[in-house]
Each structure stands twice: as structure tokens, then as C-alpha cells.
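Take a look at the structures below.
Look at the two complexes coming up: chain A is in both, with chain B in one and chain C in the other.
Up next, the complex of A and B:
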């Protein structure tokens, strides 16, 4: 019974914790401009993150060390440093976007200017990372993030023509008023949002924090292969909601307030309250995950003591990095940069950094020195290799597409 | 290869990359080639963005009037739409028309953009004062302006 409860809790937190500010904004924006013609990208991205999260989780469970703890040892300091710099830059930018997302969610609830909330949010994130236990942090925000199911309920309530929706999703085409480069730019952005590098940093380091062993593999795989796809469905429901309400009106999503509007129109104040709770939990939870991920990656590269499973005094440098990353995120946002724009750029830069994040995972998961009989099998290697090609293509295409389309305008 | 011979090569590669990136970024930031087609494209983009803002605010106002949205939420959404109008007007108004024949187009587009901003300001004030009749009037005006913006855009060649 206890095992079943742990399994259910793990799956539920994986669903609720899947969506972050990048998924919220990008899916809503894409739904409002392209309808369901880019849903296939979410499906491809979710399968990709499942493949690599399973690998990194397996590495953590079998070796007792986080994947990126092994990268420098296995691939050498140079490649390790390239991996660290690329992933770190993107993760720090994502942390900034998440802190901004929390502030925007609070603005929607209070109408207080988000720039007044930003320092408060930054301090709260740091305080939670400093004081709250890892399991509490993961479960509380993951479960609260399930409130985003309200988008699926709103879609159901709208009573759409399901066969038309299915047809749109399965017969992707570029809408008449959009160009092919813009379509491809948002495909890359959506892919980057689904496969954000910090998710695997956090997943593998979290496995070490929770003392996974080879016996945990079944639970870990259930979390990944059931929780993540259901989390992906939440993302899709956001895109469907905005496609149904905004596409016929010619409305393009550019703010978090617009993301919630289909739910408000359909379900009223209760829907709004749940949507705001979901926004808050998704962004605050992701801010904690990205803040920890910055600390994890730097501490693991330099071989420092890291993690929340040891007292803060024993991992002082790790906690200092976490604190500094929160301060840097707040400082960047206080330049009055638009958090939604930061989010849009962060998902595209995620796509650029993907190969440097995922290539080392594939290498380490194949190394029998660490993995023994749990090294990648044929299926994992085939999928991993195919996805490596896909992430390289997305990475190479991201910057030219950004320039050609003026960031998707 | 020694570290000594590797370093200058690395520096050269970094400089080359920086130059390429800087050229690409400058190309992307520069004003597009200026002709009637580009001016029309600019007008269409401004009208589409303004339509989006007007209709967003109209939906938010409708939700508030039917008791489906809180004041704080409606205020935030309407204020965001109003704030978005500034850059839209600047991006269109800051570019000179390609020729005299485009002066009328400029006046029409700037006129409807200005009207939209005014209506959004009225909606914002009504929401903050919790003045339901005024919000109702602003909603109707926003609906009309949304249609006007759409018609103007559709009327462009």
C-alpha cells in the first residue's frame, strides 16, 4: 500500500511539475496563432524528455551519482566545461523567467505591479530552497500544479468539435497568415520548452537527493513514462483552449493574463482561482528546480559537496551559488525586462543548448563501468541517437530562424 | 597540437564568430528596406496587434461584467493591453510613409490606433472605479474598434 501511494504521488507530482512558464507561454501563444498544427512538436518533445530523463534517472539510481557528476569524469574537463557553460546559461535564464512568472501570477491575483513582487519572489524562492526539505518542495508544488487541469476542464466545457480538433492536430499545416520560417521557429521554441535542460539536471540530481537505488527504477520509470506524457497533455490542453477562444478572434497571446482568459470565460472565478494557483505552483516549483539545478551543475562540476540531503553548512558553496543565482535572476528582471519575453528567449536558447546537455547523458548511460547491466539497451540507444539528431537540427536551426523571423514576429 | 598553437586559433575562431554574430544581429535590427510594400506590411502588423489587444480587453471586460472575473484580474489584463498600444503606435508612427499616397493610410491607421488606446484607457478607469455602466460602454466601444481595426486591415491591398 505504501509503495502504491509513493508511486501515485510520484506520478501526480510528475504531471503537476511538468508544466513551467516556458510551457505555459509557448503553448498558449502557439495555440492562439497556429491552432493545433504544432501539437505534434509537443508529442515529439515529450517523448524526447522521457527518453533522456529515464536515462539520467537510471544513471542516478544505479551509480548513486547525478549524471552531470559523471560528465566531467567521463568526458574530461573541456567538454564538461562546455556542457556546464551552455546548460548553466540557459538554466539561469530559465530561473529568471520562472521568478518573473511567479510575479506575473501574483500580479493577476492582486493587480500589484510585478516589479514590486519580483524581489519578494526571489527572496521566497531562496528561503524555500534554504529551509524546506526536498521531498516537501517537490510534492507540494507538483501537487498544486495539478490545478492546471482546469484548462482541460475548460476545453471540455467548451464542447468543441473533437473530430475537427483531432483532424487539425494530425494534419499539421502552416496557417495562411503565417510564414513557414515563423512556423518552424515556434516548432523549435515548443521543442525547447518541452525538453528544457534543467529538467534532466533536476531529475537526476533529485534521484540522488532521494537516495534512489536500482530498486527504484520501476517507480522512476512510471513517473517518467506516465507522469510526463500526462503533463504533456496539460500543455496541449492550454494550446487547445487558446486555439478555440483566440484563433477565431485574431488574438495573439503575449501576457500571462491572456493565457488564463479562456478558463475565466468558461469557468468563472473558480476557474480563475485554480488557474492562478496552477500558474503560481508551476512557476514557483520550476523556480525552485532551476535554482537548485544551477547549484547542482556548478557544484557537481567542481566536485563540491552539494544537495539538500546534507545540512547547509556542509554544502555552503552549493547554497551560495543558489543564493547568487536567485539574486542574479531578480537583478536581471529589475532592469524592467519583460518576463514573458525572457521566457520566449529562454525556450529558444534551450533549444540551442540541447545537444550539449543530452549528448553526455547518452555517453554516460552507455558506459558499463558506471551502469553495469543497466547500461542502455538497443531501444534506448536507438531512441537516444534519433533524438540526438533531432536536437542537433533544432539547435542549428534556432538562431537563424530567430533572426529571419525577428523572434517569431 | 600544443596549447600554445591552439590558443591563437581559438582566439581567431572566437573573433570570427563574434563578427558573424554582430553582422547577423545588426542585419536583424536594422530598419527593413523601405518601399510601399514594407509600409503596408508595417500597417498590417500594427492593425493585427491592435486588434488582438482590443479584443482581449473586450473579452476581459465581458467576463468582469458577467461576474466571471475579479477586479484585480480584469485590471491587469486591460492595463497590459493598454500598455501594449504604446509600442504598437510607435513602431508604426515612427516610420515615414514611402510616398505622399501613403499619407492617408498613415492617418487612418494612426487614427484607429489612437481611438483604441483611448477606449482601453476608459475601460481601465472603469474597472478600477468598479463603474459597471462605464465598463459596459467601454466594452461596446472596444468591440466596435476591434471590428474597425479588422476591416481596415482587410481593406489593405
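Up next, the complex of A and C:
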């Protein structure tokens, strides 16, 4: 019974924790501009993050080594350092976007200017990372993030023509008023939103924090293969909701308030309250995850003690990095950049940086000296190789598409 | 060449380790599972005509020489400036203080103390930053326990017969006729004198070299079974000119960082060692 409860809790937090500011903004924006014609990318991205997270989680459980530990080991100090700088730039950008997202959610709830909220949010994120236990942090925000189910409920309430929706999703085509490069640019953005590198840094390091062993593999796989796809359904429901409301009017979603509008129209105040709770939990939880990920990755590259499983003074360098990254995120936001735009860029740069960490994990998951009988089997290697090609193609295509489309305008 | 099973326990006599793939850049773990640093460099010592691996270096002093050009020099220079003694050399953990080499390098309590004495940044941040934040816990810790009695013994001293792995990695390899064959990519060593529960000393058996360094640390050149298939085929092609040569068949010029392969040597692909 206790085991079952733990399994259910793990799956529920995986669902609620799947969505972050990148998924919220990108899915809503894409829904309002492209309808359901890009849903296939979410499916590809969700399967991709399942493959990637399962490999890195398995390596962490069996060998006890988290992602950046292995990046350094397999790429050497030089290439590893270049990789660290690129991955940390992207993760710090994502952290900035998440803090901005929390501030925007709080603005919607309180009508207080987000720039007043930003330092408060940054301090709160750091305080949670400093004081709150790892398991509490992971479960609380994951469960509260489930409030985003209101988007699925809102779609249900709208009573759309399901067969038409299914047809749109399964027969993707470029909408008449959009160009092919723009369509592809948003495909890459959606892919980057679903497969963000920090998710894997956090997932594998979290496995070490929770002392996974080879016996934990079953639970880990259940979280990944049940939780992540259901989390992906949540993001699709956001795209469907905005597609139903905004696409016919030709309105492009540009603010977090607009993202919530379909829920307000259908479910009223209670819907708004739940949507805001969902926004807050999803972005705050992800801000914690990205903040930790910056610390994890830098500490793992240098071999420093990291993690919340040791008292803070034992991991002084790790906690200093986490503190500095929270300050840096707030500082960047206070230059008055638009958090929604930061988000849009962060998902594209995520897609660009993805192969840097994906590739070493794929190699180590095949190393029988470490992994023994838990090394990649035929299925994991087939999917792993297919996705290696996919992530490289997305990474290479991202910058040219960004330049050609002027970042999707 | 690597053993089919995961490396459990210390390597038995005769077990072979590829130093770059299996030791360098690995996490160092203490007896209670504390993370103590990375194996940033290895110490090689010439002894009675043999080349032995006697210890490892963790921290910027060992990492600097492995970073490229001026970045590496900067790292070392800044690190030296921040040390109290003027001409400080990195601290060496002897392999006799290494209990196991697996996915991590596990050191004994003695090794943990030696490493703790080199953690300047950690101690500084602990004292002046993190301990001043309310709620900081875990101060009275084992790392600062008893200081190492013979600290001076654990300092690396450059000199004849004493080298770092980074002196050998990347060194040019030439044939007896002076033809360039590539650079040293990995160093193969075997356990010779495990003492009690420790790794003891490793003896260098040979070198791998080749013209293409890209991906040479991934393991495809050392382990013929390393998957997935597509990458195996790709890297085998890329690294087809890589060769392994026993140490007896080469002459190492440490000053010029040139390795000359004797004309009698028969280098083979690392898979055929």
C-alpha cells in the first residue's frame, strides 16, 4: 500500500512538474497561431524526454553518477568546459524565465507590478532551495502544478468538434497565413520546450539526492513513461484551449494573462484561481529545479560536493553557486526584459544546447563496465540513436531558422 | 581490454586500466560517500626503468595543465596567487590511499584528509559566506578533523623522473624516421602492487596514439563492444588509424613532449592489444 502510494505520488509529481514556463508560453503561442498543426512536435518531444530521462536516470541509479559528472568524464576537461558554459548559459536563461513567470503569475493574482515581485520571487526561490527538503520541494510544487488540469477541463467544457481536432492534429499542414520557416521555427521551439536540458540535470541529480539504486529503476521508469506523457497531455490541452479561443479571432498570445483567458471564459473565477495556482506552482517549481541544476552541473564538473542531502556547510561551493544564480536571474529580469520573450528565446537555445548533454549520456548508458546488465538494450539504443539524429537536426536548424524568421515574427 | 564485469573492489594484479577513460576526470568519493573532487591529473614516476602511476592530483593545480593554452595558465596562475605559500605545488593523493576504482575513485580516510587540506575555496566560502547565512548547518565536520601529519610529503615536486599525466597526453608521436603519427591519447596501466585494501601502484604498460583526438575519451577505441551500433561504426572509422604500442617500444622525451616509436615496434589497433 505504501509502495503504491509512493508510486502514485511519483507519477503525479511527474505530471504536475512536467509543465514549466517554456511549455506554457510556447504551447499557448503555437496554439493561437498554428492551431493543432504542431501537436506532433509535442509528441516527438515528450517521447524524446522520456528516452533521455530514462537513460540518465538509469545511469544515475546504477553508477551513482549524475549528468555533468559523465559529461566531464567522457568529453574531457576542455570540451567538457565548453559544454558546461553553453549548458549553464541556457539553464540560467531558463531560470530567469521561470522567475519572470512566477512574477507574472503573481501580477495576475494581485495586480502588483511584476518588477516589484521579481526580487521577492528571487529571494523566495533561494530561500526554498536553502531551507526546504528535497522531497518536499519536489512533491509540493509537482502536486500543485496539477491544477493546470483546468485547461483540459476548459477544453472539455467548450465541447469542440473532437473529430476535427483529431484530424488537424494528425494531418499537420502549414496554416495559410504562415510561412514554412516560421512553422519550422516554432516546431524547434516546441521541441526545446518539451526537451529542456535542465530537466535531465535535475532528474539525474535528483536520483542521486534520493539515493536511487538499481532497485529504484522500476519506480523511475513508471514516473517517466506514465508521468511525462500525461504531463505532455497537459501542455497539449493548453495549446488546444488557446487554439479554440484565439485562432478564429487571429489573436497571437503574447502575455501570461492571455494564456489563462480560455479557462476564465469557460470556468469563470474558480477556473482563473486554479489556472493561477497552476502557473505559480509550475513556474516556481521549475525555478527551483533550474536553480539547483545550475549548482549541480557546475559542482559536478569540478567534482565539488553538491546536493541537498548533505548539510549546507558541507556543500558551501554548491550553495554559493545556487545563491549567485538566483541573484543573476533577478538582475537580468530587472533590466526590464520581457519575461515572455526570455522564455521564447530560452526554449530555442535549449534545443540548440541539447545534443551537448544528450550525446555523452547515450554513450555512457552503453558502457557495460559501469552499467553491467542495465546497459542500453536494443529498444533503448534504437530510440536513443533515432533521437540523437533528431536532437542534432533540431540543434543545427535552430539558429538559421531564428535568423531567417527574425525569431518567429 | 576492459573487464566485462563492472569494476568492483580494487583492481587485481594484472588488471588493465585505461587511465584517461577509467581514471582521469572521475569523481573522487570519500569513505562516507562525500564528494571530494575530481581526478584532475595523475602523477607518473620513473622508477628502475619502469613508469609508475603513484598518485593523483585534484583541484585547479592539476586541472590547469589539462586546459588549453592561456586558459590553463590563467587557472594555474590564479590558483597559485590564492595559495598562502608562494611557490605552491598541487597536493598529491597517493594511490595507496585509493580503495577502489569504479565509476568513482574511492579514497580511504587518509586520502580524504589529504584532499581536504587542498580545498581552499570550499573552506573560505564555508567560513566567510555560507556559515554567515542563517540556518547554515553541518559545520563541525569530519573534513577538518585531524590535519595530515606529513603534509609536505603529499606535495608534488617537479623534477627528474616525476611527471604529470598531462605531460604525456597530447605529446606528439613520431616514427623513428621522424614521421608524425599523431598525439598520445590514452595511457594503459596495470595494477602491480595492491596493498591490503588499496590500489597501491599502477605500472604503465603502453600508450594509445592517433591523429584524431575527437571522441577519443568516449571509449570506442578501448572497448570493441561499446554501443550503440551507429556510433561504434562511426568512431571505428574515425579512429581506424589509432595505434597502441607497449612502453618498452617507445622513447619519451619529456622536455620536448615527443614520443618516438622504435623501428622494431609493431603498433596494433587498441582493439587488438
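Heads up, the rule we're going with is that the second predicted complex is superposed on the first by the 409 of 409 C-alpha atoms of A that agree within 3 Å, B and C clash if a C-alpha of one lies under 4 Å from a C-alpha of the other, contacts with A are read in each partner's own complex, and residues count from 1 in each chain.
We take it that a contact is a pair of C-beta atoms (placed from the backbone, for glycine too) under 8 Å apart; a residue touches a chain by one contact, two chains touch by 3 or more.
The model shown is predicted, which means the values in this text are computed figures rather than measured ones.
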Superposition on chain A - do chain B and chain C clash or fit: fit
Partner chain(s) touched by A:2 [first = chain B, second = chain C, both, neither]: neither
Contacts of A:269 with chain B and chain C, given as first, second, both or neither: first
First (chain B), second (chain C), both or neither touched by A:130: second
Touching partner for A:304 - first (chain B), second (chain C), both, neither: second
Touched chain A residues, chain B compared with chain C: C
First (chain B), second (chain C), both or neither touched by A:384: second
C-alpha centroid angle, chain C to chain B via chain A, nearest 10°: 130
After fitting on chain A: smallest Cα gap, chain B-chain C, Å: 6
For the chain B and chain A complex, residues of the former touching the latter: 24-25, 27-28, 45, 48-49, 51-52, 55-56, 59-60, 62-63, 67-73, 75-77, 79-80, 84, 146, 150
Complex interface listing, chain A residues touching chain B: 107-111, 245, 249-252, 254-255, 257-258, 260-261, 264-265, 267-269, 272, 276, 399, 403, 406, 409
Interfacial residue positions of chain A with respect to chain C in the complex: 63-65, 69, 72-78, 80-81, 130-131, 299-300, 302-306, 310-314, 316-317, 319-320, 360, 362-363, 366-372, 375-376, 381, 384-385, 388
Residues of chain C that touch chain A when the two form their complex: 2-7, 20, 22, 25-28, 34-38, 40, 58, 63, 66-68, 102-104, 121-123, 125-126, 129-131, 133, 135-139, 141, 143, 217-219, 223, 225-231
